[in-house]
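Paired with subunit B in one complex and with subunit C in the other, subunit A is shared by the two complexes that follow.
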Partner chain A sequence: MKRGAWLPALVLVLAGAGATLLAGANPLNAAVELLRGALGGPQPLAETLVQTASLLFPALAVAFALRAGFFNIGADGQAVAGGLAAGLAGAAWPGAGTAALLAALAAGTLAGGAWGALAGALRGRFGGSEVIATLMLNVLAGLLASYLLGGPLRAPGATGPETAALPESAWLPVLLPDSRLTLALPLALALAVALQFVLTRTVYGFELRAAGKAPEVARRAGVDLGSLAFGTLTLSGAIAGLGGATIVTGILHRFDPALSPGYGFIGIAVALVGGLEPLGVVLAAFAFAILQSGSLTMQAFAHVPKDVVALLEGLAILTLASRRALVARAPAR
Partner chain B sequence: MNDAVAASASFAGLTAIKAAPLVLAALGGVLCERSGVVNVALEGQLAAGAFAAVAVAGATGNPLLGLVAGAFAGAALGLVLGVAATRFAADQIVAGMGLNVFALGACAFGVALVFGHPGASSEVPALGNAGEAALIVAALAAAAGLHALLYATPLGLRLRACGENPAAVRDAGLDPARLRALACAAGGALAGLGGVFLALAELDLYSDGMTAGRGFIALAAVIFGGWTPLGATAAAVAFGALSALQYLLQRSGIPSELMQALPYLAALAALAGLTGRARAPQADGLPETSRLD
Partner chain C sequence: MEFALEVRDLVKTYAGGVRALDGVGLGVRRGEIHALCGENGAGKTTLAAIAAGRLRASGGSVERAGTAGFVPQHRQLVERMRAWENVVLGREPRRGARLDAAAARERVRALSAAYGLPVDPDARIETLDAGAQQRVEILRELAREPALLILDEPTAALAPAESAALFATLRALAARGVASLIVTHDLNDVAAHAERITVLRAGRVVARFEGGTDVRAIARAMVGGAVPALADRVPRATAPCFEIRGLVAGDGAGAVRGLDLDVRAGEIVGVAGVEGNGQRALADAVAGVLRYRGTQRLDGAELAPGDPAARIAAGIRTIPRDRQREGLVLDWSLSENLALGDQRRAPLRRGLGLDRRAARERARAVVERFDVRAPSLDARASALSGGNQQKLLAGRALAETPRLLLACEPTRGIDVGAAALLRSRLIEARNAGVAVLAISLDLDELFEIADRIVVLFRGAAAGEFARDAFERGALGAALAGLDAR
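Our next item is the complex of A and B:
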């Protein structure tokens, strides 16, 4: 834990205890049920790892962009764009075998990147706030998916805005029998390692970090901040889009617009708790996944409404918002 | 002919109902942002206002007490944002997103606790048609009032100065941190009233997700309206009219998603500078200790 992390931790423990007491439950009992639901046995643990992977993609997307001083709060929209493209590509060639899976993952990455690039262009070309842009693009992704799947791209027999079911050959391979744990997790971990490499061992990563720490210095040293904004937000969107594609190919096996229920926002908390370091983000994603996957057991056995988890996640983001914990974000114009 | 009159009357009425919460939240956003604090937490403030209003109206049987509680809940969240942004030097966007997640989680938690069944509250005593009409008038009056406050009073000048050049405010012997916190609390109260309208005027209950992104539409109205009370109000009314049109044009073949998308597209166009030279306050989003030259 970083120095100064004890205060947010204390706030969270007190708030969690207070909320469970308010619900008439024993905080210790609630915590035990939460942990039992998340870690008590191979199946619960596998489900926690599924959540870890789902949180890891958006969290890495947020952390990567934030290292450059850009705030991508549109990971949910990028995951929807990526998931939609993956669902369409994966179902397009039923006889293609594993190629359909690769096509789905590639299409998801590209679509998420395109969705991020829209915000990147707005920031890099026009100097508009990428925060507001990604926020608006979140909603627009959902509306676009709903329009396409309700009209021009409606799947035969579909009752809602969903794509046709993916053929089994386009599913991500399952790692543990009878669980939803798929190749998505190793993929996310490999991505974290790759991002760590890019950040610390490449010229682009150096420029990115320089722009995040001192944009004016980076600009005078010859870094083109406009291109950097475009490239970084595109890459960040691609990471989130790949995440959406893994949810479609690994868990849902078709596109559903609700595939990323707030993971992009929780990803902000995960990225901040992880100190914006890819490997720290991995640990933080596991911690938040415990909260997510244990909450139903806690609700069932300790009678604490599961929404207490969202309450605590919000408090975590709030207490970690201290500027000292963040890189100096370059203000949009 | 009579049909046309009836249709336009119902369109105007529906527009007023759809626009009122957007206007209130957008005015709250304008007040906050003119003082230099970006408010992405309008969604959470709407939800908090709606839930507090329903909880208190249900407990006391008095919707007016619910209204007051809703305004206070919004103000409390606004104050947290303002204090986090100033005394705790928090990143305003991160703090605002945290407040959204917190408020929506806390409201869902509260519904499960207070009403004993998760998802939605029971029906509670609401404000009725007269209360609804009064709140619509109050929303428009608030627009005029905020315009007068910002452009015709010393306090308004100081608040705007906090958003343009907080160092100058400090040099003038005033405390920009305090002014910003005040603006955030007052703006939160306005957004909270927007939530009250949703819960006790348009409906008579709280349900999870009932704000349905209206806080972000209101934020789009703030931007499209050029960060001014009258501009944001006009934008919010236009967005409300779009929302009313969706009901009237349900069977017209025009995709409803297109009309739902227009507010967000308008905000993006404004951000890209395609709608003229409206701009955010210069120190919007920056700490009150920053010096701009």
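Our next item is the complex of A and C:
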């Protein structure tokens, strides 16, 4: 580990303790309750792993695009596009069995990819800002879903913008009985490994990293920055779209426009804390999931408002942003 | 105090145990121009940074008579701000809470006039050429009224006329009692302008000279022996290879306006010219990163404008002019940097994968052949000195034998020994039948390596000289746009 790498973590722990004290509770007690709520037993652990998977898809999507130098802040919109496609495809052929599940996941991946590709085309072809494009497409995805499900694609008897319920054959298999833990987690982990491989071992990954670090150097080395932007934002969107599809097929069992409550934005934090390395992002997603899923127990038993967790998540980004300054001031060994 | 700067027993050890300075003593008298010379990695830049107070020494003492201004090798300016904004940045004149722009402009104008450093206060930095950017940076330092001005490789990016103007400014400063410490490789500058010269090698002072000392004696002290001779030019038949017809590229003062140029396989064509006469546009058009009108043919086949990948595939390799912005991913290892550009071809590419072992083998060969001094193949490019970074880029361009090598300022800002090595490699490439197009502001370099020199003036060829007709007078006239014939 690099000299002083522990400092941001220390700052974070101290800040968390301070916030807990300000809230009038015992920090040690709060930490114990937080961990108990997240890890104390099979069911809490399963719920933490569910959160891990839900965070991991958008976080990997953000990290992958950011390695190429593109800021995809539209993972939520891509998840909605993917979730909608998955909900429609999964319910389209009630008798299709497992094929319906595969169709739902594939449709989600493609739709998310298409949503990312819109931003990619704007950036790659016309040099527009992908930050603005992906942000605006978030709003568009929600509105498009509401329109389609309220009008042309309205499910019989639906009260809100939902698709029809998926047949059970189109559900993601549950790994632990009586929990929501599904195949989504192994899928996300396999994806992380695959992305790590793409980044470190393929020509595409090599060119992508070069463009992310030094676009002018990459351009002169024969990398077409326009197609790279298009391809990378498409792939990033596809990852987020697959994430949306796993939430629809694994948790909600129908499409609901609120399927991604800010995962795309927390995903940015997870990606940065994970150092943009897919395997680091896995660890970061697990850490964030612990905070998320333990916060209710902490609130109930240690009387610490769960907003302290949101505070910690924000602080994680702040300490990360100031990491270089912190490390530079760390005492030499 | 007699000295503007006095350092004693200076030691600097970097993390990782590299000892850059090992007991250095140096005194710069008030109002003198003092040159600090040495090869890459001798410790010059470290010493300059410590003297300027930008880096902490591990041991020894530094005494300054007043503040020291520092003009680093690579510009440190806010590109999107105006010249006057850069000069007053951090010490803005105020009226209440507001920035007093009128007073700031006036101050910059007064400084500019007082020191004979012409600068348009309202020009944006990104629109200025290298010489003007440097003047802005010098003005910024002079605004602090320093007793000493430290300049790291100040002439590396300058045309000859701009260098002369710079030294005139330094002499004027000296007359007012402001001393200068110049870190440089350019021994001709040193011999002509410095009053005293200190030579560093491997972190120690190995020689001190008075101004006017023979350049060769200084060079010997720097390299610790004779300067290595260049590779022999093997007489050989040349063949048509690369041709440019009616090239029009770029815009503004630095555009190329209707250039015809041939580079034959087995010859080095040097492009000379005062900076800003179209060199950059020519280089970018040949590298494929700038759109152009006209034609370029390689071995008879027309090249498409604006497609660097196709040019690399056709066998064109480039040593870019700006090694840090255009050449290297500074965060990456040597071996990754050496794979750049050839990542789409065997042996580095295998299917969709990048063969990391092949990349390492290639890196090992380049590092050996080009004498790149680095702790390991995994060291970051940013950890290398400028000369070793340049060797890396030349080694990458010549890792396999290209059809056409475009070499832009191949030895700018690097020491005598490294420059001799790179020039030898260019000559060897020529001997092996490579067509070499060398664009350089350094006439001496072109005299050493080129078979022909084409003078670029306002974007067109203003004269062509064969090797047996190289002559400073005629070339100088062509450089200035006077009719040479």
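The working rule: the second predicted complex is superposed on the first by the 310 of 333 C-alpha atoms of A that agree within 3 Å, B and C clash if a C-alpha of one lies under 4 Å from a C-alpha of the other, contacts with A are read in each partner's own complex, and residues count from 1 in each chain.
Note that in this section contacts are C-beta pairs under 8 Å (C-beta built on N, C-alpha and C of every residue); 3 or more make two chains touch, one makes a residue touch a chain.
The model shown is predicted, which means the values in this text are computed figures rather than measured ones.
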| item | value |
| --- | --- |
| Three-chain arrangement built on subunit A, subunit B and subunit C clash or fit | clash |
| Partner contacting more residues of subunit A (subunit B vs subunit C) | B |
| Subunit B versus subunit C as contact partner of A:G157, first or second or both or neither | neither |
| Touching partner for A:F206 - first (subunit B), second (subunit C), both, neither | second |
| First, second, both or neither for A:P177, with subunit B first and subunit C second | neither |
| Subunit B versus subunit C as contact partner of A:G95, first or second or both or neither | neither |
| Subunit B collision site on subunit C, chosen from 7-15, 79-87 or 187-195, when both complexes are overlaid on chain A | 79-87 |
| Complex contacts: residues of subunit A adjacent to subunit C | 201-207, 210, 213-214, 216-224 |
| Complex contact set, residues of subunit A against subunit B | 19, 22-23, 71, 73, 122, 125-129, 131-133, 135-137, 139-140, 143-144, 146-147, 150-151, 262, 265-266, 268-269, 272, 305, 307-324, 326, 329, 331-333 |
| Residue numbers on subunit B that touch subunit A, as the complex places them | 38, 40, 80, 84, 88-91, 93-95, 97-106, 108-109, 112-113, 118, 213, 216, 219-220, 223, 255, 257-258, 260-261, 264-265, 267-268, 271-273, 279-280, 285-287 |
| Parts of subunit C lying in touch with subunit A, wherever the complex brings them together | 287, 289, 308-309, 311-313, 318, 320, 325-332, 336, 339-341, 343-344, 349, 352-354, 356 |
